[in-house]
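Here you go, one structure.
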């Protein structure tokens, strides 16, 4: 039976590419996203065409019991989840405080922080019983600095980072590895960045020399590496950015 | 008309003592706490007996519209709020992930992060219009490191800290000063620590030589100082701990 | 006998103004700077004209035994040093790696890190014997992030911050308070910023509305406050910046 | 011609194992250490016996021009250095301030900070010309927190971390990748930890179940991965610790 890799937030950027990477290494990959059943099935077929094994599930992480049922169903159908990627963002663009509704702020928390808590609540005990498992968490610069207009996003990501630490503090010694992966730059992701920028601006970024955009297929190599570190040498926090970009702590 | 200082979370520890300090300096202080009308009125009388001006309000910050109505009522009755202290904790003691219910985790966020967002949403625009105001935010070590058993608390406080940064990023240049005050130790607070430890253990800590407990009346001096810094020299983040204690980044 | 405040790095910016503030509160202030005996004596006279007590010493902190002899002489002449301000900068402007000579890098360390170590080596044991003393350390954003061109400065300041932590770790419980004060912005200091920018550009900054420059006389209030915190509530790290400025962790 | 990997600080722990890992991947590895020519040649023979290519050099990094001459000689003899590992520690055990001599503090800086600056000064411009190169820097928890007794070590490592940031800020966009690898735990290294602890205590740690010691051969996998990240997805800072250990930011 293949080891299982669960991807929560499987678009054409990080999520989908991490899925491909694990499938290429022999995992059965379960791709979950909120909508676009067709796109989801296309990703499954791509992986299968490359000789891998995958399945897709529509999942609205904001809905009660959705993540919990997903984990249970995946374990029942496909076997123990060895790796889970929590890849849901909570970025809503820059909005002033006046433009940030209570509802938006709460939704940021529901997807950014609470969803990971729910995933961990059902998955960590299972992984701990098996003394084996990795939870990879895509995070953002907003987890470590709160920029103007990022009220909702930064609060959600700041909570996400601290939660990763408390999870490790409880579970690392039981064999569960939680990694906080701080993505400090724009990713070449048509589903998210592409839609936010519009087709033209996105293509301009893609066409720029010297990788102004982070390549999710390359990022996936690091995600894969982190999930396979020996337990005597685990990374809990790391950053990723394009070489041509300025680190968040520097000014241009 | 006296300048107004609003204290959200006015127990016998930091909240009450910061109230006394501002009252002693000529502010009208509005003390808010969830329960114990008698204790609240006793604090008001103490301040008045010392020649100060104060009033008390029962406030359940977890309730819809409570903070918003409080701010509106205080401004209507007493005048512009120049200083607000957000002093609600979200500490529920150390609990494993299995013992941390979704409800507890959500309540942590409601009091720890969302309550501050709601306060800021109503108060920052008012302060910005007046080009004057300070929001002092009591925070905890859990805002910067997630210890075992602190899933709810650390996620809430991590969000709180990032929110303070985004508020400053938007409002500092408009004259609104938000300060994140990281309390890195146990406070001599009968209402919270006292109840958590029980009378005997609490008294033992109080009787220990060399200040094992932080004195809230002394902490209040720093809160007062921060609220009165000249706008060319504002502190956004600082820590406070007893000299006899070990900083969170050190091991004993 | 007056308590003594020793200022290492007493120009017309932070150093001189902190000196004035402590003198106004009854300290005998010893002002040390590398050169300009006349300017030094003028600062002493200013303090005396305001009713304070001060003396001046020329001190080349890069010279062997200079700091050590200064501490010994000041204690012999004026009595126990209760507060010391280490206010020597190590900023040499932005220089590429190729333009940063080994000599410049080493000098950065000598003034930025080693000088504080030398001061602490002679002063902390004295203060610990007396169970009383504060060492205020002016630091810079470069202590927490390394920007382009700051090779020498950032390495020196990063070392300075860690040293402040190790000093507190050993000495705080013995009554010695070391505070790392991160100055995150340009200070209205004719001796340093003024010379770096030239008269015209400096005046333009000074004339700008809304405090583009930090006022050292106002910063001195916070230095004074920190040195007088009750030992149950000490701050080890804090930042200072103009309200109109962008915090180092934010981008403009 | 094989790509060259230069290891400065090649003992039986991280340095030697990183060397083996790169040799196994086809690099010519140059192992440098201060003393023990025999041990050095044994490491070279081990690599060669496994089918790899290596050479050894005695190098006293504290000596003037030693690192500079080493880089020049290696490039002349073996070709362009594609990866360099700066693996010199500056740990001298816990010493109180009184026990930390000026000489010890300066030596800490010479090995901990200045040696990396010297390496970078000669190597970064070469790598930048070739638009290709990685400098891996082994660092320690002391780079981010100053514990009691770590005056020398923490000051040196704090400077080291900031220097890594300034190097990246200047060189990353030119294709030079500097990675700060924070080793947050004890490494199974006979040459350093083994000697510090003594044979018996060291063996006890090694015999303990569940990896109380970090395995340098496993750590080497992460070093290798970081040096081969695609330039659209570089990690600048990461941590490593045994799963059974407590992260530096947590308390046991």
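First chain written, first letter: the chains are A, B, C and D, and each begins at residue 1.
What we mean here is this: contacts are C-beta pairs under 8 Å (C-beta built on N, C-alpha and C of every residue); 3 or more make two chains touch, one makes a residue touch a chain.
Remember, predicted model here, so these are calculated numbers, not experimental data.
Asks: I want to confirm something about chain B and chain C. Since they are copies of the same sequence, is their interface symmetric in residue numbering (over half shared, so same) or not (under half, so different)?
Replies: same
Asks: Looking at B-D and A-B, which one has the bigger number of contacting C-beta pairs?
Replies: If we tally the contacting C-beta pairs, A-B comes out ahead.
Asks: Please compute the C-alpha centroid of chain A, do the same for chain B, then give the distance between them in whole Å.
Replies: 34
Asks: Suppose each chain is reduced to the average of its Cα coordinates; what separation in Å results between chain B and chain D?
Replies: 45
Asks: Where in chain A do residues touch two or more of the other chains?
Replies: As it turns out, chain A has residues touching two or more other chains at 145-148, 165, 168-169, 249-250.
Asks: Contact residues on chain C for chain A in the complex?
Replies: 144-148, 248-252
Asks: What residues of chain D sit close enough to touch chain C in their complex?
Replies: Spelled out, the residues of chain D in touch with chain C are 96-98, 100, 102, 105-106, 109, 113-114, 117-118, 120-121, 124-125, 142-143, 145-151, 154-171.
Asks: Which residues of chain C touch chain B in the complex?
Replies: 165, 168-169, 172-173, 175, 177, 210-211, 213-215, 218-219, 221-222, 225, 229-244, 246-247, 249-250
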